[in-house]
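The next part holds the structures, each set out as structure tokens.
Both complexes below contain chain A, partnered by chain B and then by chain C.
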Partner chain A sequence: MSEPLSPVVVGAGPAGIRAAERLVRAGLRPIVLDEGQRAGGQIYRRPLVEDGRSYRGRYGSEAGKAQRLHQAFEALLPQIDYRPETLVWNISHSERGNQLDILSAGVHRQVDFSHLILCTGATDRVLPFPGWTVPGAYTLGASQTALKAQGCTVGDRVVFMGSGPLLYLVAWQYMRAGARVQAVLDTAPLASKRHLLALAVHAPRIVALGVFYGLQLQLAGVKIRYGVRPEAVLGTSQVEGLRYRRRTPAGEVVESIACDALAYGFALRAETQLADLAGCRFHFDERDRVWLPERDVLGRTSRPDVYIAGDGSGIAGADAAEISGELAAMALLEDAGRASADVARLVAARNRILRQRDILEQAFPFPADWFETVPAETTLCRCEEITVAEVRRTIASGSITEINRLKALSRVGMGRCQGRMCSAGAAELLSGACGVTADKVGRLRAQAPVKPIPLNFGGGKPEAWS
Partner chain B sequence: MSMNPLLRRRYRLDETPVPFVLNGVAETGRRGDTVLTAILSVSGSLRQSEFTGEKRAGFCLIGACQDCYVMMADGRRVRACSTALLPGMAFITDVGAMAEIGHE
Partner chain C sequence: MTRRLSVDVAIIGGGLVGSSAALAMRKAGLSVALIDKGYCGAQASGVNYGGVRRQGRPPEQLPLSQRAHRIWSQLGAMIGMEAEYVRSGHLKLARTEKDFAKLEAYAETVRNYGLGLELVAGSALSKRFPWLSAQAVGASLCPEDGHANPRLVAPAFARTAERAGATVLELTPVRAVAATGSGFAILAGDDIEIRCRQLVNSAGAWSDHFAAQFGEPAPLTRIYPSMVVTEPLPLRLPMSMGEQGGSFYGRQVARGNYVMGGGRGLPLADPDFSRPSVKAASSVMQRAIALFPHLADAQVIRFWSGTEAEMPDGNPVIGPSETTSGLFHAFGFCGAGFQTAPAVGEVLAELVTLGRTTTPIQAFSIGRFRKVAVETAASL
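Here is the complex of A and B:
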């Protein structure tokens, strides 16, 4: 007989729920640790109380998927050990084996695991510019979360800026919710959208939805601009507007627009801190200009007892996350000698989505030239309030060529967010200063605790798992 | 300086009121609110930054950026975007406003 398994799934979004479901089907009872209050993750996030909206009203075109995932989770509940509002802040090893350090309701506990499936999701990828810390400036994902989970809009006259399909979707959702969309400012040139024609062959539904949102915004008279770079948020204690420049056939023009909130972002970045603490090997992903845990097609990492799935293993979206969660669980079961499953169909389905993502990235490219025009007095690190100029000085005076060295000497990435909001910017800035590509400046290493925890809890000794 | 509320409610308008205290003043949130929603539906910021004293009002709303920490009247700090509002909670987001109340 094989050893008893005690698998732990971290995260309860599309990947985590499907992973847990596959383990349950094999007769296991996984522990599912969720930082959220209710399962669903960020994309299918649920409100704290019902607010009268239907699934259609809250999740739009993805209502069916959201409802199916929530129902799947409710059906799983009696067969899993689900812990909401639980932060995993460290991974450690003792004579007892492997443990996760968790914080829940102010109490520190340790959880043993034989196998770990990390489904830690993603956050907005953001870049700094003057005024990005002013109240009223939010990430694009934040603006959507406010509406989806809390039934609020950030501001009433809102500007949307950035790159990515979410830009048009959230602007449309805000318009439907009654907010005034002042403008949609796409940082990508209009010419990049020609790639959507290629995408239409593979994913007609995605393109049709995008065209629908864009047309509806235009019909409502919303200003849509391409090739935009922001100059500054107007207002100091609150957002009062945005000044930006854009390329036109006649040359570059500078324009201003009034608004009381700004939502911006450049697609997503994977949350990989726990994979790092687990000791997984990383590789540099050229497309997303970011370090990601190495994984095989099923989600095996370089560490035999750790698996990874969903956007935390590389941005591919919710549909791919559901598939990769199931695949990671199947790999785990196979490795533990419990089942050998036919994965070919699921792998093929995920690969189709990955190919679509490659085209989407061309239609909504990352603004790689960002730091060529960001003023020196711009805050780069929101937590420690360090400016671009200070970081450039530190780089120059210390002849720094490596990102962890930059962190040690400048404190960028050392604050409360642990580099989540500034690491993309810091890497671009350092590689630019060194005249090398972003992969050459190294990877910002994760440190425990991966998020702030109280200093005094439990007197340092964890309480028993219960 | 008074500021406009940053958030605009679109749903749950008739939900059960939840009383809370902001800088010594009685305010009302709604059942189902996070602390962030309750405070920013009636005011324009959550805290002041440690180094420059800039006003801040959260950024990511999903517990990643840690920008939305709010001081409670009992000295605890909570992450406003991921903490549910409970009746009677008291927050201090503006030390200057509290000082004015103290002088009245």
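Here is the complex of A and C:
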């Protein structure tokens, strides 16, 4: 008999649940640590209190997948060590081996692991504009979370702005939920949507759904605009509207629209701090203009005992996440000499989704002009309250060419969010100022704790649980 | 294409020592090249706690420290920014009567150096420092000690030196260095050749590598601070804190964050990088709450560490090489170089121009380690 395995899965979304399921099938009892109160992740987030809505009502076209994933998790529960509401805030070494530092109910503990599968998911990618921190301005993901988990909307008259497939989906969900959707303001030009035609060949369902959401919104009289650039949130203590520019055949026009809430986002960004703290090697992903942990097709990282799956290893969506979670577990089992399985079918399925995703992203291109058009007075780093102007000044006066140096001299990325919200914008500003591509300015190094922890976290004595 | 430079002095290492030396040497009219493998002030000079502290230093460091104290008072005029420098006072706590006796003995030892130490004990402590819990039996206050933002100071010295005419070469590792008879030849970066009459080795934790090339082994070890930062909180802690024994130090920065340290971090696989240890950080966090009950509900948002150099006797190496004419060393500040570094820069400028300095530095001679090595060899 080989060494006992003590695998830990971080995250109980689509990737984490499928990874745990595969480990259980091989006779293991993984520890599953999740920050959420209930398993399901962001996309299949479950309500804290049942509110009478059906799966169909809550998850729409994805109801079947949500239900299957939740049922799979319920079936796993007796066979896993599941710890909800648990933050993994550090990865460390000691004489004892590898540990995760976790925080649960305000208490710090350390969890040993032989193998780690990181399924840490994604958050909205934020590109600041004047007023993005005014109460009433939410990210697209947060707006959707409010609806799914709490059955409420972020406002009555809501404007949706930004880019990415979530833009139309969440707007449509809000309309269905009874909110008055004032407009969908797409930062991508209409011409970029031609890529959807190419996508329709490979993934007719995705395109059909997208077109369906768009048409339903239009039929309901919702204003849809393309090539939009936000100018400013109107209102100072509460969102009262949005002023924006857009290109028209007659030239650029500035328009305003009234609303009491704004939902915005520019696609998603992978949560990679734990992979960084684990010492995984990173590479620059051109498509998403972001540094990601290196991974092979199964999810092996550069560190032999750490695997990665789901959107935390690169944005590919929930279906790919489920597959990659299972693949990462299969790689782990194979590496530990426990099982070898035929992965070809799953790898092919995931690759198909990745190819579709590449096309889909072209329909929602990144607003590459952001760094030069964002107004100087915009707050870039909301934790440290640093404006775009201050960042530009620091870059110029210190001849800065590297992102960690920018952090040291400007405080950008030093606050509560540790750069999770501001680093995309900071990297764009820096690379733009230096006249280089975003990969040339380096990667913000992660520091523990990946999210704030209480100073008083249990007397400072970590107790390993058995 | 190869870039060729010829300067009076080349300085390897753009930390606060090297940067302030470059500025002092430009003021003395010398041509200077300041060379750093990364960015100026990004290692120990930038990642240290930020204490601008004389109290607690061994007496042999105090003349240098007092000289630095005068420079710090001119900081804003010198580098064009205050860098959050405040003479807040440094309060060193004693947990026990025995520790307090040590503080008393120290105050007596350094009585003639002009630190102006005040000893406070018993009930006077809570009267004078009401923000402190009853965790200490006494304390020693150095009213004119303080703190500054280490991330800003050294880069500002380097930029000021550059504006004053120094050639600052960042991201330029020194690949080879050798004495030429009339000076030194350096190969740096991809294709930079530097000739200089005199050479300063202020490469911090990397200095032993350069000293060894001139036949001067330096018993340098690397140390890694373990720092904890809270979220910004209302300003309440008016001074920089330390403890006899050194297990806890803390200050509240202008932004409101409490910056606290104690214990040591751990190197990563690449020993140029390190992380705080959870054990050390936990101990700092526990002590912080004991000392400052108002922090009970605070959140920690960030740890940090870095690479510093320590010498076995707790003193730095400052002064001329004993093997190579024209070479000067300044490294190994043992986690306490931030305050003294600007004076070290001036001392180095005196050494390269005059061959002597007005500040006593005999205790910091690199030769002290050669003697130890010889004695050890003899006793075997």
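Keep this in mind: the second predicted complex is superposed on the first by the 464 of 466 C-alpha atoms of A that agree within 3 Å, B and C clash if a C-alpha of one lies under 4 Å from a C-alpha of the other, contacts with A are read in each partner's own complex, and residues count from 1 in each chain.
One rule holds for everything that comes next: a residue touches a chain if its C-beta (ideal position, glycine included) is under 8 Å from a C-beta of that chain, and two chains touch if they have at least 3 such contacts.
As the structure is a computational prediction, the values presented were derived from the model and not from experiment.
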Next on the checklist: Quick one: is A:187 in contact with chain B, with chain C, with both, or with neither? Answer first, second, both or neither.
Outcome noted: neither
Item to check | More chain A residues in contact [chain B versus chain C] | outcome: B
Checklist entry - Who does A:37 touch here: chain B (first), chain C (second), both, or neither? => result first
Checklist entry - When the two structures are overlaid on chain A, which partner does A:452 contact: first (chain B), second (chain C), both, or neither? => result both
Checklist entry - Thinking of the overlay built on chain A, is A:356 touched by chain B (first), by chain C (second), by both, or by neither? => result neither
Next on the checklist: With both complexes overlaid on chain A, does A:173 touch chain B (first), chain C (second), both or neither?
Outcome noted: neither
Next on the checklist: With both complexes superposed on chain A, which partner does A:136 reach: first (chain B), second (chain C), both or neither?
Outcome noted: first
Next on the checklist: Quick check for you: in the superposed arrangement, does A:423 touch first (chain B), second (chain C), both or neither?
Outcome noted: neither
Checklist entry - Where does A:384 make contact in the superposed view: on chain B (first), on chain C (second), on both, or on neither? => result both
Next on the checklist: Quick one: is A:405 in contact with chain B, with chain C, with both, or with neither? Answer first, second, both or neither.
Outcome noted: second
Checklist outcome for this item: chain A contact set shared between chain B and chain C covers 384, 415-416, 452
Next on the checklist: List the residues on chain A that touch chain C in their complex, please.
Outcome noted: 90, 92-93, 101, 108, 110, 277, 279, 384, 397-398, 402, 405, 408-409, 411, 414-416, 418, 447-449, 452-457, 459-462
Next on the checklist: Which residues of chain C touch chain A once you look at their complex with the stated criterion?
Outcome noted: 39, 42, 46, 151-152, 155, 159, 230-231, 255, 266, 268-269, 275-278, 282-283, 285-286, 288-289, 295-304
Checklist entry - So in the complex, which bits of chain B are touching chain A? => result 1, 3-4, 6-12, 15, 31-34, 37, 41, 44-46, 49-52, 54-67, 69, 82, 84
Next on the checklist: With touch defined as at the start, can you tell me which chain A residues reach chain B in the complex?
Outcome noted: 35-37, 42, 47-49, 51-53, 123-124, 133-139, 141-142, 145-147, 150-156, 177-179, 237-238, 260-261, 271, 382-385, 415-417, 420-421, 451-452
